[in-house]
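You will see two complexes here that share chain A, one where it goes with chain B and one where it goes with chain C.
== the complex of A and B ==
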């Protein structure tokens, strides 16, 4: 390459470079690890108590939402604090669409729960698109603040529209999920290896399926043409445009996709909590703390990384749940009230500290640490092969 | 492949009262290597941005074949066969070389969130086909070995080639190069000159080149347009332009000003 005369003509490249990444041992290790995680997740309901399964379900709710946010904020570079709003919108849409008809005080369309779930996702995607004109004009922290307005709007409308949400005082129970007539409740006798598969176990498998679908779709999109356009817009808008990417469409698309994910996470939230309640208390709700928790997940996991979002969700949504379970098990008197040292308070400190550590020492988050370890391993492997 | 002619006619670009471009006209003949030069702040990059639709001219027109570029939105240009490289490379540093070059295939490929997400068979087939072509282009530019390296980890001379590869991945009939030699050393500049020449000869496309490095320009350009303070002060073959007293004055003047 240093000599001009030896430059290669296009017909006969000196070595035909393969556009495919190598399938080395590390690639297989990675596949095997994912498979092991999936098998573990499939087996857990056979061993764990219902309250632990509940904690796991909440992690999966977080995972779906965080994957959506990392696509928008990490891949497309659009800071959004509106995630809680889209969660609320998704939860409300599901509850209304699947709600029973004929109630004098509550609006319901009596749709099949699966249709209601898909409808909720579609409604949230459209709401995301509706926000796109704002997103197209603002960037960075300004967009974050503008999107924050949606959270307050959502809570206000959620409290005002009692015939949809049931209001803050009572909330509204969602219709039980069912898939082609199979109920996700305690109905019917179902056993695997002698373990009864009741509502909690069934919802676990439902959430696992949704999380896997959400994960695979996101991975495919990130690796394909769409993800490339998002990253181009994030890194340099003029060059993205010159390469044929409509900047406006890419941003709007990212918002729609991310909102759809948040909508699904909202549906999962009401199914998990078994209640739609548009307020700001600790779990299963839609205040600004929820938006910030999602942001924490993707920062800890590494902006833009889909597996990172998954791990971030395990930490941020899992910690308060697990701590709460341990505190009862170990007999901590955590107490309640304003000054109580509650699990959610402890975990807020923990993930607050985690964010500071990430920002200071590894801005790429857990994903970057993972990549570094993988890089070391494959480097060692090559060394061994080379010598 | 015969490229259409690029015609810049009487273009004026104002920022408030400041004339960035004042009545600029130039023609890039099909298959020619045309250079646009001038001292700092002469309006070269502005001219480029008008051509590639990032700025809108206040007056005048830009046409490419039968297409009126002055009313075309920037992301449509790639579809018309216009590729562009950037002065500062403007790549995604965390993405691999291949991923960056594949962005150039955006206008040539299809598929949205669901078809990419579901990895539909035709989407994957298309992706594979275009990745092979992208790898071929990288090999042609001598960066075939770095396909899977993140761009941020590569030396600047290579990064400039990745930018060039991305512009070529558009399969352009007109290539706009914005200071391809900026920030590269003498050896890299010489290599680049020969590469640019090869691109023109082997792919038969027209090239419009903005450049500071006079050696590079005079060695390879078929025609040179010189801008100074937003005006065209000379237009001709490299030899004609080099002998032009206006050009000598503009360059010496600017260099004296820089020294002071």
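== the complex of A and C ==
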């Protein structure tokens, strides 16, 4: 359908002068706020205890995954419940690529961890692309349920491919990450302002860097040509095609990008747990509950909003961690035993309720609330759809 | 050969249960265009009522309360949440049901704790010998009950005022409203009926014969297989739901026996994927037409 549209026109029409980017006071406030957040995140390891850093790392894992999902579901309008599958795929790919060679039971390629990380992302993108023929034909709910199939396939794969995943009983430890020979472990003495920078702090900075890259790339995609194509396809496929957007390519591209993000989040998950362990049932680290949790993040944050996904991840992935830490700190032991209100349970209630409230009262999620506040502050209506 | 016959009967029994669940999906989808992700939690809720009440009022009474309870929960979800958000599109409402599902499921799983009760007291673990073949009573009863219920449903759908109203509304909502069909009542009954069917289904699912596992999070996962059943047949086709349910049941039974238990769950979804690639709207679903 889009063959005609992609041919170069005989004479390129003169480009309309692009409007000057808005640089009013609000723009500067916004930039300053983001900078402040970044500086805060850079400074936190100097003050926080290791277990709080661990909690923060988990939020960043969620953030990367959620950004990927919000591009797919929010921007391109494709409901996906397969995110957990791509987490598993990414985690497994990293562990296998970076795993030691010569183990008779487990497959490993002994690659450099950075290469393995990139390889895992590439493999997930290809897997996402492989699902594109299905995704391209289906719409909305049909796609959502079809993508659920991948989670079940992942469950089976995790159990069956023991030489890759290590099996459900023991799992398999991932190779420690290192960057050009710099280890992300307790090795070596490194201090900043008298604070020793050990494994937890180093992984914090690694995750922070990955999150920032993921965030900036996503913002770039949303603001650019790709994002416009995604939104056009989301809003109306035929009219997008008429305007010269290749619907198939936009959909497949969104799936590949989102899977790549999920793959990266999977690598981070495995590094965070320091273990790759496939689930025994549909409920686990890579189960349907995880797909739903990621969906919750982007609904709460506002579908399609990249900063929203970030905040949603802080909430959904952060809450159980923070609750667990507080409950031990205050001696408020809710944690274990039958019928207990565990931190995970409480946070499930919170995000379940948050989804309902968002759909009922503010379909745009936290992003819409944020936009409204910004609009109030600047004194004019700044409706920017989809950013 | 005997094993094969046994497998087919098992598959049909399971399929009948999946058909009940899938029919619920389809009824809700036809009435409201919402896909109900909270179906699994309706199943759990019905089962949980049976577990808590059977000590005091006996299994039969508890089973009736469970079925009605599941129906009422569905009704409550529709009345209290969905009908209040008429402005939201079906897509967001489907997401809303995910929120409901998370809350209800987590709470029931917490209450159940480590106990995983079987709730099919009247038919569970009482195999029957028919012509030298051992059959599970659960599957046979499920087949009979489902046949009766589905027949009743189709008769009501075809001839009763409710059925006509619902088909009219599914056809054209505005026109139906103009001729005086009360859309709120139609959707409310649709949810109620779907809930009742889910309440019946759980009495067969949480048994030793059907799943070998008591009422638990696993029951919720099994209920998820009703999704591919509904999608296979086409989300807006009631007959498709029955065909899809039976297909899922047969695939599940055959794959469990000939491949492995772990593979059976994926096999069901694989079959769905294959059907969707060939027919994107399911076997009997109407193709969406789009206006630019």
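Here, the second predicted complex is superposed on the first by the 352 of 387 C-alpha atoms of A that agree within 3 Å, B and C clash if a C-alpha of one lies under 4 Å from a C-alpha of the other, contacts with A are read in each partner's own complex, and residues count from 1 in each chain.
Here, a residue touches a chain if its C-beta (ideal position, glycine included) is under 8 Å from a C-beta of that chain, and two chains touch if they have at least 3 such contacts.
If you're wondering where the values come from, they're calculated on a predicted model, not measured in any experiment.
Once the two complexes are laid over each other on the shared chain, residue contacts for A:224 go to chain B alone; chain C is not touched. Of the two partner chains placed around the shared chain by superposition, chain B is the only one that A:235 touches, whereas chain C remains out of contact. Shared-chain residue A:148: touches chain C; no touch with chain B.
In the superposition on chain A, A:194 contacts neither chain B nor chain C. In the superposition on chain A, A:104 makes contact with neither chain B nor chain C.
Looking at the shared chain after the overlay, A:351 reaches chain C, while chain B stays out of its contact range. In the overlay built on the shared chain, the residue A:181 is in contact with neither chain B nor chain C.
Common to the chain B and chain C contact sets on chain A are residues 236, 238-239, 242. Taken together, the chain A residues at the contact with chain B in this complex read 1-2, 4, 7-10, 13-22, 216-221, 223-229, 231-232, 234-236, 238-247, 253, 257. Considering their complex, residues 52-54, 73-79, 84, 86, 90-95, 98-99, 102-104, 106-107, 109-114, 116-119, 123, 127-128, 131-132, 134-140, 142, 144-145, 147-148, 166, 170, 187, 190-191, 194-195, 198, 202-203 of chain B touch chain A.
By the touch criterion stated above, chain A contacts chain C in their complex at residues 79, 133-134, 137-142, 144-146, 148-149, 152-153, 155-156, 159-160, 236-239, 242, 281-283, 288, 292, 295-296, 299, 338-341, 345, 348-349, 351-356, 359-360, 363.
By the touch criterion given at the top, residues 35, 81, 84-85, 88, 90-96, 98-103, 106-107, 110-111, 113-114, 217-218, 221, 224, 227-228, 231, 235, 262-263, 265-266, 268-270, 272-273, 276-277, 280-282, 288, 290, 292 of chain C touch chain A in their complex.
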